[in-house]
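Next up: some structures, all given as structure tokens.
In what follows, chain A forms one complex with chain B and a second complex with chain C.
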Partner chain A sequence: MKRKLNWIGAILAMMLLLAACSSNNGTNEAASPAGNGSNDSGEAEAPYELTVAYFTFGSVPQDQKLIEEELSKITKEKINATVKLLPISLSAWQNQVNLMLTSNEKLDLMVLMGSTYANQVAKGQLIALDELLAQSGTGILAALGPDYANATKINGQAYGVPTIRDLATSYGYLIRQDLVDKHALDLSQVKTLNDLEPILQTIKDNEPNMIPFVNGTGASPLTYYSTRDSLGDDMGVLLDNGQDLKVVNWFETEEYAAQLKQMRKWYQAGYISKDAVTVKESTSDILKGGKGAGNLATLKPGFDTQETRLTGKAITSVELLPSVAKTSTVTNIMWGIAKNSKNPEKAMQFLNLMYTDKDVVNLFDWGIEGKHYVKVSENIIDYPQGVDAASVGYSGMGWLFGNQFLSYIFKGDDENLWEKMKEFNNSAIKSKALGFTFDSTPVKTEFAAVSNVLTQYRIALECGALDPDKMLPEFIAKLKDAGIDKIIAEKQKQLDAWAAANGQ
Partner chain B sequence: MGSTAKRWKRFAPLFLLMLPGLVYLIINNYLPMFGMIIAFKDINYTSGILGSDWIGFKNFEYLFKTSDAYIITRNTLLYNGLFIFINTIGAIGLAVLLNEIRKKFFQRFYQSIIVLPHLISMVIVSYLVFAILGSDTGLINKSILPLFGLDEVAWYSSKQYWPYILTIVNIWKGIGFLSVVYLASIISIDTEYYEAATLDGATRWQQIRTITIPIIMPVITMMTLLAIGRIFYSDFGLFYQVPMDSGVLSETTNVIDTYVYRALMNLGDIGMSSAAGVYQSIVGFVLVILSNYAVRKFSKENALF
Partner chain C sequence: MAHESKWVTWISHSVLMGFSIACIIPFILLIVSSISSESSIIQNGYSFFPQQFSLKAYEYLWAHWSELGRAYGITVFVTVFGTAASLAMTSMLAYPMSRSDIPLKSFWAFLVFFTLLFNGGLVPTYLIYTQVFEIKNTIWALIVPGLLMNGFNVLLVRTFFMTSVPPALIEAAQIDGAGEIKAFYKIVLPLSAPIMATIGLFEAILYWNDWFNGMTYVTDPKLFSIQNILNRIISDIQFLSNNSSLASTAGGAMAELPSTSVRMAIAVIGVLPILIAYPFFQKHFIKGITIGAVK
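Let's turn to the complex of A and B:
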């Protein structure tokens, strides 16, 4: 009897193990028949299933499946394809996407981020888009306009399409409206970073439990304040928003040293949190929790209402630097077609819908009409009765899904938001290097070493936690040691070649 | 012939039980060794692993590009060496003390209390440490230092304190589990030895020195050897979470694992991560062989192989 039990136990254990292993195979098999679709056309062709990966903040909305079904209805009719959405949390995004690309999992469309774009192209993970765009992506090109469409080109080929949103950015200080009223702060006098000082002092004096100058996790207060074109990574930048094509070491400039001195002063004065170096929350969470008064941020039209919705506190902001367009502000969010795609043609057709089809865009951005929103007028929407921001079953990020200008405007937002956004994009100072993307592969050893030095010193210096008089020279020496000069030389070389090719 | 079949039949369930473990070991530990070639290649996803170009030791260069390679290797070895030393001595001491407690209830009670930290996730530990060391609300800065009229210390940007902090946290967290392992082997020692020793008039201390320690020596050697084999693999949570990923502290908190993690979070280059992995494995392998060789020299039966 006992022997028999042993056997049964062993077999059960094996079965469990096998079951766990085989669940993977199931999905692979299910996916493969759809892949044959591209060979022949005609009525009988089975709809191709497009896998669309993008990142999300926080959890997946509960009505995600419904959105997928509705989308598939539209796409089945228009391009004979169905859509499978694959939201991945931002913290796992890089790893998971890398894994999917490496293991050749089924993946058609994916969001690209500016910081890894050049690398992904160099590693051959993306399909070149020019031909596909000319064939079935004309709507995208028309919506983007040539300046912004060309900003993603690497060696003359586009591998990604930027989403249409705020393609430029301005920098400023945002602060809780109630504090402005309570302490009668005069924001109209604030024109430069220096002018913030009396405001921060007032808050420091009157709100002992609040940080006047907040920074979020993985960033310093200065992260969202820039007068330079970082050329993607800050290892060799163009000063004055890229009005001059000379690559310099930002960390050696007097401007940077002056900024650090100021941050050190503010840190010692208590404007910046003493725990700034180790902070583990986002700025909006800190404001939401009533622990902070305000922070530097990248602004755009409609920013105040967006932040108000995010923090649950009325927010106002003051612009410190005018709007600029650089490659990084355009390419930070793009869509591309993975080399895994079995049917790039269909993927491009769907992408085209995301830039031209109002129904598709609004499904992505707001969900299903009547269920997740109701129309107040032609272009304005609101939550249905009995539903609010907390209980709505779906909400998407408008700046992520294709052409945001086709999106409805939420009640409370400026009715002319998209006109203002277009104006904002068009009037922005354009960096002369707009469209240049640095390929770091020739210097990847140095790039890795310099990245390490940056993570060691940068945030602590920019929070004011370290004395710049002592530590800045050490920081610069370490950067040189790691080979930043070689990166700068390589960057200058690539930039000159790019400029010559583009007639700058 | 018949007996072989019989033997097979008798041991078949055991082999069957071994199978999942073996499969796991092969899939998880042996197959990935193939991936070592990635460290020597310039990976291009379109051409695949085998189709990518060989680039020799280029992927290893970034490790040795700056003084970082020296710092992280030094940190890794010194920290882990220190941990092995302190934890072993401490754990044996604790185990002996626990064994001396006669009341069953108290023995169990202390044992559980000591093991408890082992079960706490490093992320939570990091916040416990933060509650003590933080600047705005921390226990030391807000309550203890003012008592003595001392100035606040910015712990998370002063690297000189971290060797002590990390060692204390490591002992607090790791010692309980290790002491239970030793306690288990101490308990299994035949009580007759002690009775005989008591009759001969041996003191407690003499008993511990001449009976307990020599008998559990093989366990000590084995645990230490295993620990030395992993001396190049640091407790990632301890070195990454507890200092709150504060870059300024890296000179005293950066170890190979955290270095590689940080570099690759920025770059996402699997060639370079494999290179670091290979470096780590090879040095770890050499260390196991060397320490095992050393043990063989002293006492052959205590060596692992």
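Let's turn to the complex of A and C:
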């Protein structure tokens, strides 16, 4: 009996210990919401702290905190708010943002990606922006222009604002300049995919160790060549860059069959690498390593300089298809306000600054003047003395932070880059479905099944590794078995409803 | 008989050698690619002999040591502290459970066993840890969730205590005047070195290799562990290459991610300490797992 009492005593002691631990945590918890509470309780002099989440690649810049402080100085003065930056690694992004949204953590502004946008709206994780935009986001609307501002609407309400960058895309072939010079290739004659053949042949003949027509990992050469509006996922597309609102099965079209035939021919001729299907490097790594000559890519003004920097080899490109704006090119990067936000009004005011205030944009994009960059002239900047791309304490991503057209131009880039980009965006062919976002929830099962079939066949077919005469019919049959027709029907239904609502 | 057993020895040894070689080869490839030049990897793929010897990758690591060294420190601290805490808690829970005179014995066993089969899932777990315990972006986030206690280990240790520590010994200690705690530290623990080494190694490897907690609960780069950084780099690259529409806009971002040989070099420095630690545990390891595994 006595022994039993001892045991119970021991257990009680342990419980006490545990209770002590948890009560300690309890006070922590109680303290922090109180702290927040006093922040946003509306006192005129207490600035609201905006949490701004966005994704980064690789490591977080070492001077991140300085940028945050400088930004807060500006915002405190202009909109009585401070900024807390929350960079999240792209790989962890989906997971962490989802957890933050479900657990109602503090989060105001966040980057939205086209691939999950419709889903986030459907889950109610974002605040509808129309009213806020009209009140305090007029600068954003003016900078975007109505076509692009409306491209994000779902059920008549915008939940996101696209960043201002290359909002359209054109497709073309890029190639190493030294090869063009060495073999006297005439790129001016290249207008279509077919015209590339003699060029690829010349490289094949003269550069035996080089792949003339490169593709990167997870993609086929044709991934960056499109005359259609994929409506986000290629399961049911609009032909002719979406000039006609009839959803068709892209893989059944003659155009697709013809493209596959051509790739097959090129594969057999050795223009496409024999292990194209399983390649593990990116196109720019392959070019950088001297193993490839060129590849199809999505072009934009300033593209050649960007690729040159990336591959370390002078790059030139030739446009094969004119620039097009589709929902996917506009909505792939947007900013939205999370439903967690305690003060959407302030969040919108800050967003407005990101589209109108040159100081804010350049802080985000380039850092602090004198420390991370120096001005060469009014709009051109360079690294300060003794600093280079590897040692600079901060570098942001211009296409991510609001209005890139307000950003300084880095030395070596085209001085008129932003004018050209504006022109590029404005002159782009606009898909009639620009603004339509497909919600795949009603056909979830089919969507997953079709995705699997696509992974199984598509890249192998488009690299030419499979014979299209035999495998294309099999591919199409499998797609039909997986229910692609049901997806197309659903898409057409949603598109018609969208078109009716938008008066198309 | 002797003849036959010689053959058996030969065959079993060559099979096991084959296995060991299959395990070692990837490591050799890893180390060789970390000292090959980037362009030779892209040109010719991976190979067992460096075609172009280059220490560029390690120079890169050295240049980024402020970030990587810190991550290394975090990993070492979390591993050492986590393993010690885990061993202490596991053995102190397992010991009473191993005694036949504890009340509600099967109830405690059931509680532990239950966690082997069921858990709350990611979102509820996240909610509890971030909102009740507030461990987001603290060092505890790398130590507590998922790793600190493991029902399987508790049962393993309990079985070891039950089978290898005779109750008579504990009774003798008590007759000599030792209390429960003294008996535990002076008698039971020293007799259990094999199982402690085994569990310790399990836990140390788990802590050393863990990136999931870092990815879920940590956004502050100051708290990134070395595996977390490596995992981030690799999944960023995968993500970019699988999202063509984003990659075309974000093309430049790709350039900021470390090259193949650098990734290999990070993996090398990430795996080395574990490789070095293994032989020291080997002796206890085999005994601990064979005795404890009989549940």
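Remarks
FYI, the second predicted complex is superposed on the first by the 459 of 504 C-alpha atoms of A that agree within 3 Å, B and C clash if a C-alpha of one lies under 4 Å from a C-alpha of the other, contacts with A are read in each partner's own complex, and residues count from 1 in each chain.
Following the convention adopted for this analysis, contacts are C-beta pairs under 8 Å (C-beta built on N, C-alpha and C of every residue); 3 or more make two chains touch, one makes a residue touch a chain.
Just so you know, these numbers come straight off a predicted model, no measurement behind them.
After superposition on chain A, the partners chain B and chain C are seen to clash. Once chain A of one complex is fitted onto chain A of the other, the partner contacts of A:298 are limited to chain C, with no touch recorded for chain B. Of the two partner chains, chain B and chain C are each touched by A:102. When the two structures are aligned on the shared chain, A:482 is found in touch with chain B, with no touch to chain C. When the two complexes are superposed, the chain touching more residues of chain A, out of chain B and chain C, is C. Shared-chain residue A:457: touches chain B; no touch with chain C.
When the two structures are aligned on the shared chain, A:281 is found in touch with chain C, with no touch to chain B.
Touch criterion met: A:165 reaches chain C, while chain B stays clear of it.
When the two structures are aligned on the shared chain, A:446 is found in touch with chain B, with no touch to chain C. Chain B runs into chain C after superposition on chain A, and of the options 112-120, 130-138, 184-192 or 202-210 the stretch responsible is 112-120.
Comparing which residues of chain A touch chain B with which touch chain C, the overlap comprises 3, 6-7, 10, 102. Against chain C, in their complex, chain A makes its touches with residues 3-4, 6-8, 10, 25, 28-29, 32, 57-60, 62, 86-92, 95-96, 99, 102-103, 105, 113-115, 165-166, 169, 209, 216-219, 223-224, 281-282, 284-286, 288-291, 297-298, 306-307, 309-310, 328-329, 332-333, 390, 397, 399. The touching residues of chain A, counted against chain B in their complex, run 3, 6-7, 10-11, 13-14, 17, 94, 98, 101-102, 116, 119, 123-125, 273-275, 277-278, 280, 339, 444-449, 451-453, 455-460, 465-466, 478, 481-483. Residues 38-39, 41-43, 63-64, 66-67, 96, 101-103, 122-123, 126-127, 130-134, 136, 180, 215-216, 219, 221, 229, 231-246, 248-260 of chain C are the ones touching chain A in the complex.
Within the complex, the chain B residues that touch chain A are 13, 16-17, 19-20, 23, 43-47, 58, 61-62, 65-68, 130, 134-136, 152, 154, 156-157, 244-248, 250, 254, 259, 262-263, 265-270, 272.
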